[in-house]
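Letters A, B and C mark the chains as written, and numbering starts fresh at 1 in each.
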Amino acid sequence: MLDGERRSGAVGWLFRVVILLAVVSVAAFAVLHAVPGDPVIIALSVQNLPVTPETVAALRAEWGLDRPLAAQYLHWLAGFLSGDWGVSFRTTRPILEEFGRRVPVSMALGFGGLALALVVAVPLGFAAAVRPGGLADRVARAVTVLTQAVPAFWLGLVAIWLFAVELGVLQAFTGPLSERLVLPILIVALYSLGSLTRVYRAELLAAVETPMYRTARAKGLSRPAAIWRHCHRRGLFGLLAALTPEFGWVIGGTAVTEVVFGLPGISQFLVESIGARDYFVLQAYIVVIAVWMLAVFTAADLLGRVLDPRVSR
Amino acid sequence: MSGRSGGLVALGLLLAGFALASAWQPHDPFAIDLASRHAPMSLDHPMGTDHLGRDLLSRIMLGAGNTAMVILIVATLSFGLGSLVGVTAGLAGGVFGTVLIRSAEFVIAVPTLILALTITTLFGLSAVTAGLALGLATWGPYALLAHALTLRTLGQPHVLAARSLGVGRTGVAARHVVPATADTLLTYLASDAGRTVVSYASLAFLGLGAETSQPDWGAMLFEYRGYVFDAPMLLIWPGLAITLTALALNLALEPRAGSSRFLASKEA
Amino acid sequence: MSFIVFSRRCLLAVAGALALLPTLAVAQDGDTMPIRVVSYFAASTLDPHPGGSGWFLQSHGVAETLFWVDDDLTIQPKLATGAEPDGDAWVVSLRPDIRFSDGSPMDAEAVATALSSLNALSPRATGSTGAITATAIDPLRVRIETERPVPVMSAVLAEFPLIMFKPVDDTWIYTGPYVVAEFEPSSRLSLEPNPHYWGQVPAAPVDLRRLQDPQSRVLAIQAGEADFSFNLPPSSLERLAADGLIARSVVTTKTEMLFMNLTRPPLDDQRVRQAIALGIDREMLVDAVGGGLPATSLFHPDFDFAPNEPLPYDPIRAAALLDEAGWALGDDGLRRRDGEVMSLLVRHTTRQPDAITMAPVLQAQLQALGVQVEVRGYESTQPVLDAGEFDLIYFNSNTVPSGDGAFILDQWLRADGPRNHFGYDSAEFEDLMDRLGETREPAARNALLLDISALLEEEVPVTPLFAVEFHMALTPQLADYAAHPSDYFIVRPDMGLVD
């Protein structure tokens, strides 16, 4: 019986996935083609090549843009499902190859940054909750305010200047990839740190007012010990909820950092693809990110159940 | 919510200051004077001049209004739409609730950049369209958070008790769910407000542009980005203006220590 | 071309750097250290067929064309020795000593194969000629027939898409001074000297990296992670010179141009357009942007067919023209005709820092004429042009990509030109262009192009603003580097150590 329930749950989940992906890919296709700007003309102008009826028609045919929209979509879908994602108009390389080369770079940057942020946010948020208004609390607040007011491009450039030019402790552009990732990861982490810390702290402080915590205190547990034992789990739950959407930018949301540090990631590639109206790159990306977010939400759902058994659908 | 009243006063003062600043400036913020570009701080130009010799203070003052508008649009869209969808989905449950929450996930799944591109190319580049783009791109997380908080509130013993005593959905929503979710969401919003302006500058940096002809602080960060090292104050002043605004918003929206009553007060 | 060397006051730093050179230049195993170049673009493919490929590969010092536009902006033979007309066709003779990087000779057969392949696979490569048929006459002569008659074959063969290549296995090899040893598409190329190069074989390998952000390109050379950084913000030059680097600027064949919308008032009136052109202080624009040469025409002034006199700035005559056109100046400083305020919508890209810097300056200059000006940025040029949502629109473009001034005129200003979004349709212009298309003799062509520039100054469908300047920084070991006035030749064979 339990097994049957699980199976029907899985079927339902799969059904949802297929529906979501179908909706996302059709919507993406429609919206991208509605955006003004013709990739053919843009490509010719950027390269300063003659725009003539022949060159335009030839490129349109080469890129498959001369067919009706529905046919273009179906052709794309068939290709996508069979692993042929088409060729980027701009770089003329297979899109799957571009993603294969670039997504790992962006993921290393994104996950590295998030992991670092998390590792710092939990102790920092905990210390801030133990003594609201104390040093840790003020540090957390300062980080939040700093990252709110300082664009990543500014912080990135200043970091390069400080560590690569003035101190000369690392090679920001020509070192091995691991060395080139150090500063970008720090910056990405800093930008997530503030909000993660504050959400965790707020959850802990809210939990401090529950009877469980008070009973624990009445029994003589110190404030930190009582918070850790009775509020920490709830803090993690809140952190999880706040963290889930953050995973959205891990693939494709770190463009500014990638541009400043010259990292060959997927995010800056997307930005350039947008400028070129490189439809099939953007289309592939939207579907990839939808699958990715679906996986993240499913994982968060499961984890949420583990952390808080009262939540159920 | 009496713990917030001090904050609300601060917020009111801030808005009044913004309105005044965008109504009057010591110099014409558009007057170009190439002979006195990059002038240092002085009595006449308290923040110096920019790369075209325009008075920076006047530009920052003029930009306050547009900046406030960006923040307001993004906050209204993301916070308003997000909490509405999240709380409704949590209360309604069932197929309707699921559809609402899936739509929020869908919005999160559509990358901010693509959304921003679509909106800016369709409606042009400006503080308003950037605000629309960022607001529409960021309501998803609020909805999810509000949804999770709603579900948790509904699972609390006192709420279960209230419901078993016959209190209807609306009553539960008004008495328990909304107060319980508002605090956390506002914390979230406070730490997002300044970030909004900076995200907008970053979108501009990536080529989606900013309308520099009517300055706001995000557009100024973008316009002066080439002077990070050669005239750093051009970026530091707008950055400082954003910092102070963010700080004020944090203080205004942040529940004071001890006044946080997430779920507890009814049980005391 | 203007060379600015700021480094004099830092002789000490330079001397110090020079003293270090012998140790820096030789790695432990005796290999020469690569020259590290930072550019804003890097090839995404080694395939010669895609449109931009020729530009990138030529700029990286890998591929070459039969003719080229040299540093003094004249068309010169490169892999060829000359081109002679033969009826409507042309016969191109080749240098005998050219070899591909595998040592095989670049003979007429190889050239014909390359041109035919480009013709078959790359419609973009043959946009200005229509279909190309190339056949080898003997080992050193190729006969080239084109679908549309070509008045200047050397200019066609100087177009960057027509690079000479040879397919080998699943890649392509070229004739340039460098060969690609390692390749990370769109981000890095490791270039080795080509031992079979027909000219002087380069002294050192080159490591070319792409950094998109101008500030990052400045930091890379400041941090000692680059020897040559190209396309830098002008405001950084002084600081770089103070660091002991050589800052240099070169005026390019890119021209910043202000196009006008002739399809609606007020710019459907030629006098108003003339007033706009006269009311623009180009010196001030150049000053604000931090580099460039006030325009004399759409073309870089060093071209033989470009006028020498800068376009006039004459606000008084501009005001008189506006008065004459019926736009009277009111007490509020605004001009009105039939009660309607004269207002102009100016559009510009937000992708280029110069465009943003210029916007308020241009706005102020037009306002000084009594015009109400709205300035709006855009993310992409083409939709704005398509929709006609502008009175004035400015952007820059390489107006002479292959040494022939007719290119941009055909594209942007011919009545049926594919990029004429401006409603310009002038019988006199069409007539001059027709004659240009039939004229082969260089002096006669130059005279016609000068007439056309004069006509454009009169009819003003566009008013050129300035020739765009590129800024770069080099380490002292590259002090002899000569910059081409474009971004078509960045990695050059003579780049190397000072001897």
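Methods note: contacts are C-beta pairs under 8 Å (C-beta built on N, C-alpha and C of every residue); 3 or more make two chains touch, one makes a residue touch a chain.
For clarity, every value in this text was computed on a predicted model and none was experimentally measured.
Once the contact rule is applied, which chains count as partners of both chain A and chain B?
C
Farthest chain from chain B, going by mean C-alpha coordinates, please.
It is C.
For this structure, which two chains share the highest number of contact pairs?
So the pair of chains linked by the most contacts is A-B.
Taking the mean of the CA coordinates per chain, how far is chain A from chain B in Å?
Result: the chain centres lie 20 Å from each other.
Quick one: chain A and chain C, Cα centre-to-centre, how many Å?
Their C-alpha centroids are separated by 38 Å.
Which whole number of Å gives the spacing of the CA centres of chain B and chain C?
43
Which chain C residues reach two or more other chains?
215, 351, 379-380, 383
Mind pulling the chain B residues that touch 2 or more other chains?
Residues 117, 121, 207-208, 225, 228-229 of chain B touch two or more partner chains.
Quick check on chain A: which residues sit in contact with 2+ other chains?
36-37, 153, 157, 161, 259, 275
For a test of understanding, state which residues of chain C touch chain B in their complex under the given definition.
Interface residues on the chain C side: 214-215, 218, 233, 235-236, 239, 284, 287-288, 350-351, 353, 356-357, 359-361, 363-364, 374-380, 383.
Give every residue of chain B touching chain C within the complex, in rising order.
Chain B reaches chain C through residues 30, 32, 34, 51-52, 54, 117, 120-121, 124-125, 204, 207-213, 223, 225-231.
If we count contacts the way the header does, which residues on chain A are in touch with chain B in the complex?
Going through chain A, the ones touching chain B are 16, 20, 23-24, 28, 31-32, 34-37, 132-133, 141, 144-154, 157-158, 161, 194-195, 198-199, 202-203, 205-207, 209-211, 237-238, 241-242, 244-245, 248-249, 252-253, 255-256, 259, 270-271, 274-275, 282, 285-286, 289-290, 292-294, 297, 304, 308, 310-311, 313.
Can you tell me which positions in chain B touch chain A when the two form their complex?
So the residues of chain B touching chain A come out as 93, 98, 102, 105-106, 108-114, 117-118, 121-122, 140-141, 144-145, 148-149, 151-152, 155, 183-184, 187-188, 191-195, 198, 201-202, 205-208, 221, 225, 228-229, 235, 239-240, 242-243, 246-247, 250, 255, 257, 260-265, 267.
So in the complex, which bits of chain A are touching chain C?
36-38, 41-56, 58-59, 62, 90-93, 98, 101, 153, 157, 160-161, 164-165, 168, 171-174, 259-262, 264, 268-269, 275, 277
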